[in-house]
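Across the two complexes that follow, chain A remains constant while its partner is chain B and subsequently chain C.
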Partner chain A sequence: MEDLIRRYGTGLTAVFCLLVAFWILVLVILPNFSMLFESFFPYLPVAELGGPKDVFTLQNYEKILANPIETNWFGIPISIPVHISTFVDTVFFSALVTFMTLILAYPLAYFLAKVASPRSIPTLLLLLFIPMWVSEALRAFAWYIILTFNGPLNALLKGLGIIDQGIRWQNGVFTSYDAIVIVLTYCYVLFMLFPIYTAITSLDTNQIEAAEDLGSPWWRTHWRVVIPHAKPGIASGCVMVFMLSAGSLLVPTVVGSTKANWFPQTIYTWFNDALDWNTGAAYSMIFLLVCIIFVILAMRLFKVKLSDIAK
Partner chain B sequence: MSRNRAFLGQLYFGLFILYLLVPLIVMAGAAFNDSKLPTVAPWKGFTWAWFGELFADQTMWGAFLNSIVVALAVVALAVPIGTAAAIVLNSISGKYRATLYGFMVAPVLAPGLVIGISTVLFWNQLGQTVGANGFFLFGRGLHLATLGQVSYIAAYVMLLVLARLQSFDPGLEEAALDLGANHGQVLRRILLPHLYPAIAASAAIAFFQSIENFNVTLFTKANETTLTVYVFSQVRSGITPKINALAFLLILLTLVLALAYEMNRRRKARIEAEREAEARRAEEAML
Partner chain C sequence: MSAGIDLENVCCDFGTFRAVDNANVSIKPGEFFSFLGPSGCGKTTILRMVSGFIEPTQGAIKIGGKDMKGTRPNQRPTALIFQNLALFPLMPIWENISFGLEVRGVDKATRRKKAEDLLKLVDLPGAADKMVSQLSGGQKQRVAIARALAVEPQVMLLDEPLSALDLKLRQHMRAELRAIQKRTGVTFIYITHDQGEALAMSDRVGVMSQGRIQQIAAPRDIYDNPVNGFVASFVGENNIFEGEVGPVADGMAALNGAHGSFRARVLPEAQGKALKLYVRPEHTLLTKVKAAENSVEMEVTEVAFEGAFISVHGQAAGGKRLSAEVKNDGVTVVPAVGEKVFATFDAARALLLPDANVRG
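And now, the complex of A and B:
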């Protein structure tokens, strides 16, 4: 701090600190405190604010335990609250999306970092960047067109004689979340690709050659040499894709079936349709908590630091 | 073996690019189909009609303008905040640095809807506390969307500027101070010129991140919409191919920008190569 004052003087240092304080306090910390605070108070009409009912309560959090529904997990029928069910589905299918993007992105990241000729890399990267610049709303819409009942995918499959009846992709073939998983994977695969690519680029190619010279088959070279080196990149990609998928409101609303509920949609309903901001706050606190736990788990699992993930 | 692998890699890359581009091509193609529904499969003939309808849509133009205004406001706030944060972070070390860094990058990882909801609740509560909850600044609207977006976009700026600061030689500032420069001059003439490439890049990123933003904006906006939210509401409430016309134009814009970038990069690479060749020739001539 003295260093800053010596270089830029008291005035400028004060300006820097004020800007940082505004960001961290007013835009980040206080809003989150506000959300935590509001989540413990009941939703009341303006006239009753400060009245006898305006007291600390856990009822907003208890709402997530209401309305049990019959469902089955892997064939076992159970009865769980509807919002818990949505929540579990969201976490499960977001993890699935994360896994699929990892499978899709890893070979490509390796190809770009170690196999492709370095001269062509900027052009190849640019080609990959183009779809990322198109907004998420439009990418989801593109898949909406492809997957609709009278859409090109069904027409193509019928034309090829693979199916004779159109498939209702949006209702799902395996689960009602199929369409959401497909489109989320499409939207976020590049968020997995670039961190892994960056991580593999820093691996010395000699290590790979040494492993091969010593007779290691290709899969063991990857398992023992490349993947351990790419770990920070993989961790960073996994965290990003999981967060984006679990937090996506756009994709599930655009392509999801009526049976597939995503947790952000539940929060949005409380917030916007029921206008019950307090319960919305409680639900987002729960959501935020799980996200934090996920980041910590990922950091433990991959043994990386926060500064490795947020790049 | 190695050639085989390169071929497989190229094949996979090609398939991957197809996978990324085909949905966009389908969407853009549907803009020219003379069909009430946005699709390419039953092709009913070529038409420009949807573009006409798009340009006649006042809501779209309003949303477009709002997106630009919000994005400019986000750049105007996030760039100074992020730059200041990088400078402050660079001058401290140890435990405080790690804590501060954690608070700064946390919003990047936080889900957009959490940022949106917390921003709305905070300003609403602030309005109640000061007893002016009817005042529009404390209610939902595009100004809150701007603040919500700044809270995480400033982190991108901070990361880019911080990376650039690593290559800065603080000795230059010492020299300037010793030679009698004042503090303002040190900042304006020594530090900022070094940071300009990072600041320009981060301004561009902030602008496009803001245009792209959906989650934060959806929760913080009132009646005014931005382009992304407009597309979303159109898709939700019975769509016509005019959204495809919009998509076609945006993809075209992206392609033009990408092409310009690529040509610029190649030109620079060529100049660089020529310079190196000349340097080699000069060296040989000296010997």
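And now, the complex of A and C:
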């Protein structure tokens, strides 16, 4: 702070601080508090607002436990409230997307950071970035076309003689969430790539060579030297991709099958279709809380500190 | 166990640049061999070729008589100590040292024991559970040596490992390295640009310039009988005279130049080339009267006290700079600045040498 004042003077420093305070207070904390507050009050017609029914209640939160459905998870039939089912699916498949992006991004990040010649890096990064210039909506629709029954993917596979009949990708081959997982992976892989790339770039190449010189096969060098060094990058990539995937509304809406429900869609339905902002707010709060807990548990499991991610 | 290394007509090109040109060396098992040269002379490239990180463009590298072509660094019986040591900062010291054993599937208790034994060997007991960042430069150095020794290599490759240490520690580590080499009997290949280091530690030294090995000999021979001007200048100071070289008789020849006529030795391989006369300052005497031969008058311009000896710099006719070293033995008279003296040297101590062996 003193350093800031010395560099920019009291006036500018005050402006910086006020802007940051405005951002955090007015654009982050206040709306969330308002949501939290609203989530504890019932959805009422305007006439009854402030009336005897407008009292503190947990009924919005209880709604998530209503409407049990019969479903099965990996062949095991269970009875579960429909929104909890959506919720668990969303967290599970977001974790799957995170895992998929990690599997794709790590080798690519390593290649860019340590294998590719430095002269080709700007070109390669540009090639990776160009798709990001297209809006997410357009990219999701592009994938809708690619995956559609009479689309190019089936045509290609049929043309190559790999399949005889078209596959209904959007209904899902393995699960009904296939299309969502594929498209989310595509959309968010760069959010995984760049933190890992940055982390690996800072690794001294001599350490990789030292490990190899001591007899280490490539996989052990990665396991013992590269991955531990890249762990903060991997962690921040994972947190970003998980949160973005779990919070995605557009991709599941565009490419999701009729059987695939994503929790943000449920929240959206409460807000937009039911116009019940109070229940929507309650659902949002549950979702936010559980996702944060999930991330913290994952960080504990992999022994990553919050300060590592901030780097 | 240790193995010999043979480099046979080894060349290494980076694009159109030839980093190493036709290197031929035969390093004996258990030898302490140094490659000495200025930066960019190709010595590190040789080291990286022996360790397997670079494949030679031509020629063969044999370790223990076995051609290493196509053998990856993790399959070679070598251990490399990097210039920046490249210790693993996220592992404690003992895991650093036993990493090579972990790779070989040695169980944890044995690894731990071996790491502690090696720490004792490098005089660093009790550091097993520390992290790399907690050690000083010299301690890190020892850990790097222990880590390399842990895999029981037949050949140790050292890439200027002492360059980051301060002078005192460097001198101490020199002796230490030499002692470890004697104790383990492992072949050491040592890379350095510090001629003092190379001469003091090695059994033999290979002096390199511009990708070519200029001379391979024992330190004493490198210093006393350099094969060319580059080697003579790289390992020490010289007074250099130019002129016409007369016919060779009994390994001696005359050189007639602007500063008179001199006589000096000519090595057989130097005959027939353009030669200059090189004589070391410590072989240059300062006399009051002109000697019968090899004597040049100069005016003393600077007297520098170095401790064990005194460096006297002077100017001969035509601004030619000469220097001599006078022993600080209390007997030899040291001339004063401005005094006129004769720089005189023994013909047997002076050499007529060609320039460096470079590509034409």
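A few points about this structure:
The rule is simple: the second predicted complex is superposed on the first by the 280 of 311 C-alpha atoms of A that agree within 3 Å, B and C clash if a C-alpha of one lies under 4 Å from a C-alpha of the other, contacts with A are read in each partner's own complex, and residues count from 1 in each chain.
Here, contacts are C-beta pairs under 8 Å (C-beta built on N, C-alpha and C of every residue); 3 or more make two chains touch, one makes a residue touch a chain.
These numbers were taken from a predicted model, which means no experiment stands behind them.
Superposition of the two structures on chain A shows chain C fitting alongside chain B with no clash.
Once chain A of one complex is fitted onto chain A of the other, the partner contacts of A:220 are limited to chain C, with no touch recorded for chain B.
Contacts of A:229 after superposition: chain C is touched, whereas chain B is not reached. Annotation: apex chain A, arms to chain B and chain C, angle 80° (C-alpha centres, rounded to a multiple of 10).
Of the two partner chains placed by superposition, A:176 touches none, neither chain B nor chain C. Once the two complexes are laid over each other on the shared chain, residue contacts for A:269 go to neither chain B nor chain C. Of the two partners chain B and chain C, more residues of chain A are touched by B. Contacts of A:206 after superposition on the shared chain: chain C is touched, whereas chain B is not. Once the two complexes are laid over each other on the shared chain, residue contacts for A:23 go to chain B alone; chain C is not touched.
Between chain B and chain C the least C-alpha distance in the superposed model amounts to 6 Å. Interface residues of chain A facing chain B in the complex, by the touch rule stated above, are 1, 3-4, 6-9, 11-12, 15-17, 19-20, 22-24, 27-35, 37-38, 49, 104, 107-108, 110-112, 115-116, 122-124, 126-131, 133-146, 148, 150-152, 154-156, 186, 239-240, 243, 246-250, 253-254, 264, 267-268, 271-272, 277, 280-281, 284, 287-288, 291, 295, 306-307, 309-311. Residues 51-53, 72-75, 78-80, 82-84, 86-88, 90-91, 99-100, 102-104, 147-148, 151 of chain C are the ones that touch chain A when the two sit in their complex.
Chain B makes touch with chain A in their complex at residues 5-6, 9-10, 12-13, 16-17, 19-21, 23-24, 26-27, 30, 37-42, 80-81, 84-85, 87-88, 91-92, 100-115, 117-122, 124-125, 128, 147-148, 150-151, 154-155, 159, 170, 173, 177, 182-184, 186-187, 208, 211-212, 214-215, 218-219, 227-228, 231-232, 235-236, 239, 243-244, 247, 250-251, 254-255, 257-258, 261-262, 265. By the touch rule above, chain A contacts chain C in their complex via residues 204, 206-207, 209-217, 220, 224-225, 228-229.
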